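Several structures are given next for inspection.
Consider the two complexes below, in which chain A is the common component and chain B and chain C are the respective partners.
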Partner chain A sequence: MLSTDQRGNILVVQVEEKRIDASKAPIFKDEMTRCIEGGQNQIVLDLSRVDFIDSSGLGALVSCLKRLGPRGSLAVAGATGAVSRLFTLTRMDRVFALHPNVEAAVEQLSA
Partner chain B sequence: MKIRHILLILTAFLGVALLVAVSVQIRNEVLEYQTAHRMVASNAVRERLLLATDALAAERSQTYALLIDPDKAGEKTRGVDEVRRQVDDLLQSAERTIEETRTSLTNSDGSLTLLSGIRQAVKALRDLVDASLNPDESRRSRELAPRWFQETSRLIEDLQSSRLTLLQRERPLEPTLRTEANLRTYGGILSESIARNQALMTHVLASPQGSSGLDLDAISRNAGRAGLVWELIDGQPTASLSEPVKAAIASAREDFRSTLAPLQQSLLVSLLSRVPPRLDSDDWYEITGRSLNSVAMMQQELLSSSRTRLQAELRRAERSVALWTTLLALGVGAVIGSALVVRRRVVRPLEELSRTMLRLADHDLTTPLPRDTRSDELGAMSDALRVFKANAIKRERTQNEKQMLHARLRDAYRQLRKDLEAAAVIQSTMLPPPSTMGGVRHRGLFRPSSLIAGDTYNVVRRSDGGIGFFQVDVAGHGAPAALVSVACHHALSQAILTRTQGTPLEEIASQINGDWPEDLPYFTMILGEVDPRSQRASIIQAGHPSPLVIRVDGTVEALGDGGFPVGMIAAATYERLEFEFEPGDRLLIYSDGLIEAEDAKGEAFSEARLRQVIVENAGNPTSVLLEVLDGAVRNWRGSETLEDDLSVLMLERLAERTPAHAVH
Partner chain C sequence: MAASISLSIDSDLDKVSLVARAVRSLCTDVLGADELDAVELSLVEAINNVIKHGYHGESGKDVQVSVALQPGQVVIEIIDHAPPMPAQVLEKDSEDPFAFDETDLANIPEGGMGLALIHMNMDEVEYHSGEAENRLRMVKRVSPSPT
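Let's turn to the complex of A and B:
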């Protein structure tokens, strides 16, 4: 469900699914965990294709962030609509660095 | 038709065919044997008759000679007695033979009657002869002589004719036997011709003057007949005859041609020309006696040869019958044997296999298999059946195990479901029933997506009169979320009830958040309280959708813009939101399951539609409003099921208490 694009030391992870819900969250978490355990600590998560994230999906996202630890960073790009509202509602906009698009996120992380 | 019937019918058919063929052959052989037997019998009787005929002819000649010359009676009587005994013996012997072969021959009674008649006639004639042989009666005896001759000749003819009748009836088909029979017949005629002439010529020579032309005529006729007989004899095919027979014929012919015929001719010539013959009657008698002997020798040889041939033929027929009977027995044995072998080696094992197969096909796996260690096709079938049965047993065992597993799963599922149903009942009893306390009326809507939900809510009244309330939505749903929701329910209810005066709500939230075990799912909530002493209320929004306030005038406003869920970020802090909550105002708290409920096309019910329903029904009492809302969501979903738990809690501040109460 994920496709990755290495840009320097930044890994851009594109979520191919439209939803991250209870049925997809474990897979998402596993694949992300593999990336993180593979040594990636600068990750941009592209959510531009995602329409909906439920509580399980949000939990998976937060657990990825926790796994990455204080030395790494997980930026979120392209969150819109319901996804964006969820981030705001749960104050995750304060936990994740949100960017309008991947380029902006990459630029921010590279800086 | 079963195989056993086909095989048995085939075997029976082959057996019957074989039996019929052999039986026909045996019948032929038996017929041949019977024929041979009859021929042997007929031949034996004819032999006796022939010998008796010859003996009677000899008696005739001797007695005739005695009668015409009684003076010589003394020296000849002994010879006559001898020949009479012979005749009697042979006639009796012939009768005995006929008696013995009565079963084989036809018309034995006729022959016996004839023989007994002949014997009586001979006896009567002999009595006459004996009576006339008295020396005083010599004239009478001479007169008797022709009569004797005539009578005995007639008897001889009778014997001959009875013999020929037998020959006619039992005519042999084998050429050599036929030739021999013919030769014997001719020999009989020859013998009779010679014997007659022996007697007649003796008479003529004894008294040449007294001889009549008739006698000479008869002699000449007999001589002619004898010559004719020889021509007939010579006309017979002799190639197949045995050497002794040929030699006897040659000897008889030699005697006749070189001795008797010329002598007889010259005597006739002398007698006709009245010249005294140069031979006396005794010499003639002796010469013809020798001739008769040689003819008798010939007859003996022929009889002996025929007898040998017929015996050989009889033995051959016997052997043949025995052979074919043995073959028949062997054939019957072979048929019965093959039927038994087919039954034992093919039919029975096949039937057993077929019975076993049918039982196995009928799922009777306890069927014992035929214990057969044969190496033929039936053995292979039996082996295949063994494999089939083993597989069937294995399959059945697997099937049983599967069924048992399935039953266990079903039981486990039933138990689980029963447990969940019980848990659901418990969970629903944890929810506060609609009621009013401290001027606040509340009513909830609770729709789990499965039996038990991760959503829960409660309204409690603190000892200081404050009304605490919360709604929780644990991340995820189902049993884990439900268990966590129970924990939350308890923790929050206790926290509200036991918090010391003045501890702000945000601290309660922070405390719970800080204490929340990291490996439990997080939850969102609205935690709030209605101040009993003012027209205000406050809430903590922890990741939960913003509650709506429905003012008494029908306007609807959303409260707050968010907050951290509980149990997600340990360092999270919370803000308290205070708002006006006046009599008639209603607070509607809902979990995200309400606005995220999707229709068939995947479109969420949405906050906008929620607000629309609220606005449209703001004038309705809470119970109606909740009913309408529930109906709207069901209608939106198009089904009774939900993807996520859905709960709504509505609080309504009632109008000021009655004045009586207001005093306090």
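Let's turn to the complex of A and C:
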């Protein structure tokens, strides 16, 4: 469900599913964990194609952040509508750096 | 206008998005975009809870959703035949899962957010357990349009 694009030391991960819900969260977490265990620790997650995330999906994102640890970064790009609203509602917008698009997120992580 | 419809799915997490999308479509004439998001999220969280905790992830069980479109509000009921939710889970005043310290990575929640999200997104939430079934009733009212 993910496609990746390496840009220098930053891995841009695009979610290709429209929904990250309880049925998809375990696959999402497995694929992300594989990236992280492969040595990636600067990750931009592109959610521009995603129109719905539930608390299971959000929990999977938090789990990835914990796996990255304090020296890693997980930035979120392209969250809109219900997805952006969920981050605000759960106060997870204080946990994940939210960017309007991939370019802005990559720029921020490269700085 | 008042109309109601019943939908049902098998207790399979893969099926939840079908009923969520159907209910969202049904409510489009009554609710605005933010309210539709709120209803869809609450419905998904409620059904996930039934499947994961009520039926312990077992498929082949019944989950019914009834939707009533009423003037100024939508009433959604989720009916299941699993063992009832324990009373302490339903305590609305129990911990707010979102009152975490964002600098304390280890304690940022990965679960236990579903019921809190339902309460935050719906105007009324009631749970009834009878002999034969459990019924979660949720109401979303149309917010007055800004003037």
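Note that the second predicted complex is superposed on the first by the 111 of 111 C-alpha atoms of A that agree within 3 Å, B and C clash if a C-alpha of one lies under 4 Å from a C-alpha of the other, contacts with A are read in each partner's own complex, and residues count from 1 in each chain.
The working rule: a residue touches a chain if its C-beta (ideal position, glycine included) is under 8 Å from a C-beta of that chain, and two chains touch if they have at least 3 such contacts.
All values reported here derive from a predicted model rather than from experimental measurement.
The superposed arrangement places chain B and chain C in clashing positions on chain A. In the superposition on chain A, A:Ala82 makes contact with both chain B and chain C. Contacts of A:Ser23 after superposition: chain C is touched, whereas chain B is not reached.
Shared-chain residue A:Pro70: touches chain C; no touch with chain B. Looking at the superposition, the partner that touches the larger set of chain A residues, chain B or chain C, turns out to be C.
When the two structures are aligned on the shared chain, A:Asp54 is found in touch with chain B and with chain C. When the two complexes are overlaid on their common chain A, residue A:Val62 makes contact with chain B and with chain C alike. In the superposed model, A:Thr90 makes contact with both chain B and chain C.
In summary, superposing the two complexes on chain A brings one listed stretch of chain B into steric overlap with chain C, and the stretch in question is 523-531; the others among 37-45, 91-99, 343-351 or 523-531 show no clashing C-alpha atoms. Of the residues of chain A, those at positions 22, 52, 54-56, 58-59, 62, 82, 89-91, 95 touch chain B in one of the two structures and chain C in the other. Here chain C touches chain A in the complex through residues 13-14, 16-17, 20, 33-34, 37, 40-41, 44-45, 48, 51-52, 98, 100, 102, 105-106, 108-111, 113-114, 117, 120-121, going by the rule given at the top. Chain B meets chain A in the complex at residues 473-477, 521-522, 524, 543-546, 561-565, 568-569, 572, 592, 596, 604, 644. Those residues of chain A whose C-beta lies close enough to touch chain C in the complex are 19, 21-23, 52, 54-56, 58-60, 62-63, 65-66, 69-70, 81-82, 85-86, 89-92, 94-95.
Contact residues of chain A toward chain B in the complex are 22, 52, 54-56, 58-59, 62, 82, 88-91, 95.
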